[in-house]
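As written, the chains take the letters A, B, C and D, and residue 1 is the first residue of each chain.
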Amino acid sequence: MMKIGIVGGTGYTGAELLRLLATHPEADVQVITSRSENGKAVSELYPGLRGKMDIAFTEPDDEVLSRCDLVFFATPNGIAMQSVPALLDKGVKVIDLAADFRLSNPADWKQWYGVDHACPELLDEAVYGLPEMNREAIRQARLVANPGCYPTATQLGLLPLVRNDLVEGHVIVDAKSGVSGAGRGAKVASLMCEVSESFKAYGVAGHRHLPEIRQGLSRMSARFNGELVFVPHLTPMIRGIHATTYATVKDRSVDVQGLFEETFANEPFVDVMPAGSLPETRSVKACNQCRIAVYRPQGGDTVVILSVIDNLVKGAAGQAIQNMNIMFGLDEKAGLDVSAMMP
Amino acid sequence: MMKIGIVGGTGYTGAELLRLLATHPEADVQVITSRSENGKAVSELYPGLRGKMDIAFTEPDDEVLSRCDLVFFATPNGIAMQSVPALLDKGVKVIDLAADFRLSNPADWKQWYGVDHACPELLDEAVYGLPEMNREAIRQARLVANPGCYPTATQLGLLPLVRNDLVEGHVIVDAKSGVSGAGRGAKVASLMCEVSESFKAYGVAGHRHLPEIRQGLSRMSARFNGELVFVPHLTPMIRGIHATTYATVKDRSVDVQGLFEETFANEPFVDVMPAGSLPETRSVKACNQCRIAVYRPQGGDTVVILSVIDNLVKGAAGQAIQNMNIMFGLDEKAGLDVSAMMP
Amino acid sequence: MMKIGIVGGTGYTGAELLRLLATHPEADVQVITSRSENGKAVSELYPGLRGKMDIAFTEPDDEVLSRCDLVFFATPNGIAMQSVPALLDKGVKVIDLAADFRLSNPADWKQWYGVDHACPELLDEAVYGLPEMNREAIRQARLVANPGCYPTATQLGLLPLVRNDLVEGHVIVDAKSGVSGAGRGAKVASLMCEVSESFKAYGVAGHRHLPEIRQGLSRMSARFNGELVFVPHLTPMIRGIHATTYATVKDRSVDVQGLFEETFANEPFVDVMPAGSLPETRSVKACNQCRIAVYRPQGGDTVVILSVIDNLVKGAAGQAIQNMNIMFGLDEKAGLDVSAMMP
Amino acid sequence: MMKIGIVGGTGYTGAELLRLLATHPEADVQVITSRSENGKAVSELYPGLRGKMDIAFTEPDDEVLSRCDLVFFATPNGIAMQSVPALLDKGVKVIDLAADFRLSNPADWKQWYGVDHACPELLDEAVYGLPEMNREAIRQARLVANPGCYPTATQLGLLPLVRNDLVEGHVIVDAKSGVSGAGRGAKVASLMCEVSESFKAYGVAGHRHLPEIRQGLSRMSARFNGELVFVPHLTPMIRGIHATTYATVKDRSVDVQGLFEETFANEPFVDVMPAGSLPETRSVKACNQCRIAVYRPQGGDTVVILSVIDNLVKGAAGQAIQNMNIMFGLDEKAGLDVSAMMP
């Protein structure tokens, strides 16, 4: 069994790691840290884990963490970069679920996250953990930057078109997320009475996932022009992301449906649905799948891509475990081969 | 007091007409028809009206309806057109909340609604009841076609740009609606277990509100090129529409915020919010307001318009009463001057 | 117009006072205080009030408040009692929506709220503002203690039985509340991700509304034995309280339905529904009504009373305005004569 | 691998069987019947099963079903009893998830379900499938009647007290269920706009689960007096049952917490929480657990039992699989050893 550590396990991403790892055949969570909940059993905070995960939160301790094979960071942005270099030095592999290692340019990090990067020398080494783009690099990686939730849904939806240089003009990404994406922090803006039975956009002027998506698309094709409008919306549900992406194709004769099916034919966690499908976020609830449908309305030159994921699974903890499986040579689906919860 | 009739009052639009008319100072609902609920008190179906609206559903009867000053049709599409000519002949004014008189071209009606129009000769006379575009015509009208919910939110959001010929290329409307837009029909697809805690697009290949929006934009400016992509989405909430509209402006120097504020300065039911605002659908819940915010992200040439309405009020019953007020020379705000319900 | 002040207007109760007073024909809100939001327009915090209530929050100032005819306290428990004596001295009437003046015994206050009462000498004078029990006393009152939300629903449901000494043994109150009852505080326990799609009991060992209900029942009849089990539950909805009350009747021959109808025959805000009805909380959403149905299942000696209110209206702000109307000799229904919002 | 058939698989119970059986190590679903969806792939109806369960609905065919080792009936009440005798004759074991075999007295069946029972001779043989009461009988059974959802939560909560004859007087069960309990039928009463953001009681005069619970309690102790008031409520969430049960204990000196812990010490799917706990329905979402907390408020003689289950899992499909595991000598937890989904 692999020895697993989790730093910062009190948030929803940490809880989802625990839920998924509890049934993973090869992983044993040995340590989970939290300064605020130090000493409390994880099942006290998350009663759904009673009897499944009988460990308690502890203070972060580098000595203890360094005995793990792999450490997940499920911390707020800017924390992991303080501790990762020392862990790597001791031979521990790391998957960071925050943003610390997602942007390869330290200037971009400073612009969007407001502080200098603590270990810019690692940014080149860190592998962006989107297996559908970088599987081979992940296999060799010591340090994986787990993608953001919106970027996962968006990049998977655009990959077939951008990689093949089929897009011209700007791309519009109108994305909708459930409220768990805002985390478990005690904020008025996340109260049920504030967000239930309402819908709104946010981050219209500029959201931190914009540079991450733009970087990803540029890596798919050097010819991508970088023009991207990204508008996220808060949706009155707990889990789920639905990205509706609008791109203008250079050539109306392309068989878009066929192209998508071919691109993802061998991907265990990307499901291109039959033409005419309407993917619902609940069709991926609690599972690691991304489901995609693609349209060209009225035969025009606008392609509409609908892609859905569970933001806490394929958008966070599930994808992190998928990356772990790849890094350690396990079956990529280990611990993740379950169906969506419906209804 | 004006004598009011409602045909087809068992759905959500009919119920909302009843709720709003119950406190209208000049309107007296004298008849409400329903074949299926004939004889039942409206307060039995809608206990929230107990003590406020003490009439019962009756079979439709042209003789009875012809004694009204105004008849609202809150029927499924294709019903009103069967009865409207006879009522107009008897001097009754009509507001149709369905689609029967929205498209002025009978061929468009047939293409999108699947049957021949029963009274194409009335299509030219029918006034499209969006007061912010057609107030004077509504004042003179015998027959008003109350706009669809999506078209109301979308057209109000695009009016300042399109009327001034500031848009080039295609317009993208990514719209989100609460579930009440699907009506009170007993359909599996509207069950709580099917739509709560999930989000999905629908009608991507072509939705009936597309030709209505296109016709409206063409009337704002003969130079509008008609290129429009419209993707509606089903949102897990009861009420509310949020339209996120993306348009490319010809000229980046335009003061978009100022243009919007000026356009709607005297409109009682359109609220242009301060720059940087993020309108929530709950800020218009149960009231007739449309709230709009406008952005030009990263200073690019894409303008993003966020417009919200309550689909049952400004998107249906409230706008119908606003039209009634205009048609009968009443204060346009009569019965509609209330605040949104928050939380 | 009456000059109204509101102390502590940033919570949901304060917001609901603003929403309702915005359309009250005789009330003019002249001052609303908040230390944390001092200087901010109320419509910035509550965009649903844009154009309806154009005042800003100010620091609490006794001088300013003393110029009001009536001051509502919508503050946390224990605040009003600090300021009320001075206001009363200056001839200002006060309605406290918190618990400060609900319990007439200062020892009870200390036991359940943990601090000494700041003005125990006022507890006898303060009138418990449940109009259906105390209308005449409210008419004469300088100081009204607005009842809690659970106590309102529970006492109205038990009034006919207890007043007539028909109950024996203990009473069981199984009450369910929407999440707005927990207020607008930034607490993890009120996050949408914590409370949506889940249901739980709380306060089983002892809830502050227990002594309030017990005191109320004892006032209805000196013979009430005080045996009461009260279990509140948190329900995944924003507004609404449903109290299910179980009482053993001494005499099975009583016409319970008739007794309830007779008791509330002249009450404008209590609606005894026909036998066999199942009151839904949405049938009172956004309105000041209490709806009640009563059963004696299988003809046994247990009476089951179902009573519903909107916790923010009849359970807080609406009942406060009803009390205001009574105190100032206005039509008791002024500003409150609206229908429930359905759906 | 065991060969499994499912009759009537289009409802939520059938879908949950499919979701759970898809990961069961010993079960192979070979046939699933539906007259209405004959020929359609199950993954078309439930896209969450795409890639996990690649079979299609077929017309019911006794010949095909008789080749199974076990057939689950997930049909409406009154269907299974038509087909079960023939299947048993052919050596097929049966678990009925409907009510057909739950009441051992055919007169009770007729009274509560309105028709004569088709095979009253099987009622004595049928084993009531609550493993915590009947594990040994289930092990030997050919025919298991899977308990109702409310009866499961209620009986598990009352088992320690009733079995030990600690209850006197009547028992009150105030139960709350998510909307999935009403099934996937196209009914107005189950529409999101009808049930979301509202709460109501139903079946107060008499619900079909009342005789089932009464029968169960009578089997726990011949001295149970049968006095039971059962009031179910509809809660605005998809999954979950919370039963709040009030019982008067004969003897206040009993260590209720200890009694509950001891009773269920070896039960894999019943979790007695520490004293003072407040079980949430989400703590059992998507898993087969029942969690229970027990209180004696203010040291009185009323015991309050809080028990929660997922109505589709421990209240239906999960318990059916637990019964299957017992009937076939498998590990009782096979296919069911997962954590709850939180949030």
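The working rule: contacts are C-beta pairs under 8 Å (C-beta built on N, C-alpha and C of every residue); 3 or more make two chains touch, one makes a residue touch a chain.
The model shown is predicted, which means the values in this text are computed figures rather than measured ones.
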- Counting one step for each move to a touching chain, how far apart are chain B and chain C? 1
- Note on the structure: Of C-D and A-D, the pair with more C-beta contacts is C-D
- Centre to centre, by mean C-alpha position, how many angstrom separate chain B and chain D? 45
- How many angstrom lie between the CA centroids of chain C and chain D, rounded to a whole number? 39
- Message: As a quick test, compute the distance in whole Å between the mean CA positions of chain A and chain D.
- Response: 37
- Note on the structure: chain A residues touching 2+ other chains are 12, 180, 193-194, 196-197, 236, 238-239, 279-280, 282, 285, 343
- Can you name the residues of chain B that touch chain A in the complex? 170, 172, 174, 176, 178, 193-194, 196-202, 204-206, 227, 229, 231, 233, 235-240, 242, 244, 246, 276, 278-282, 285, 295, 297-298, 300, 302, 304, 306, 308, 343
- Would you pull the chain B residues touching chain C in the complex into a rising list? 12, 15, 18-19, 22-23, 46-53, 180, 197, 238-239, 271, 273, 277, 279-280, 282-287, 289, 291, 337-343
- Query: Mind pulling up the chain B residues that touch chain D in the complex?
  - Reply: 12, 179-180, 184-188, 190-197, 236, 238
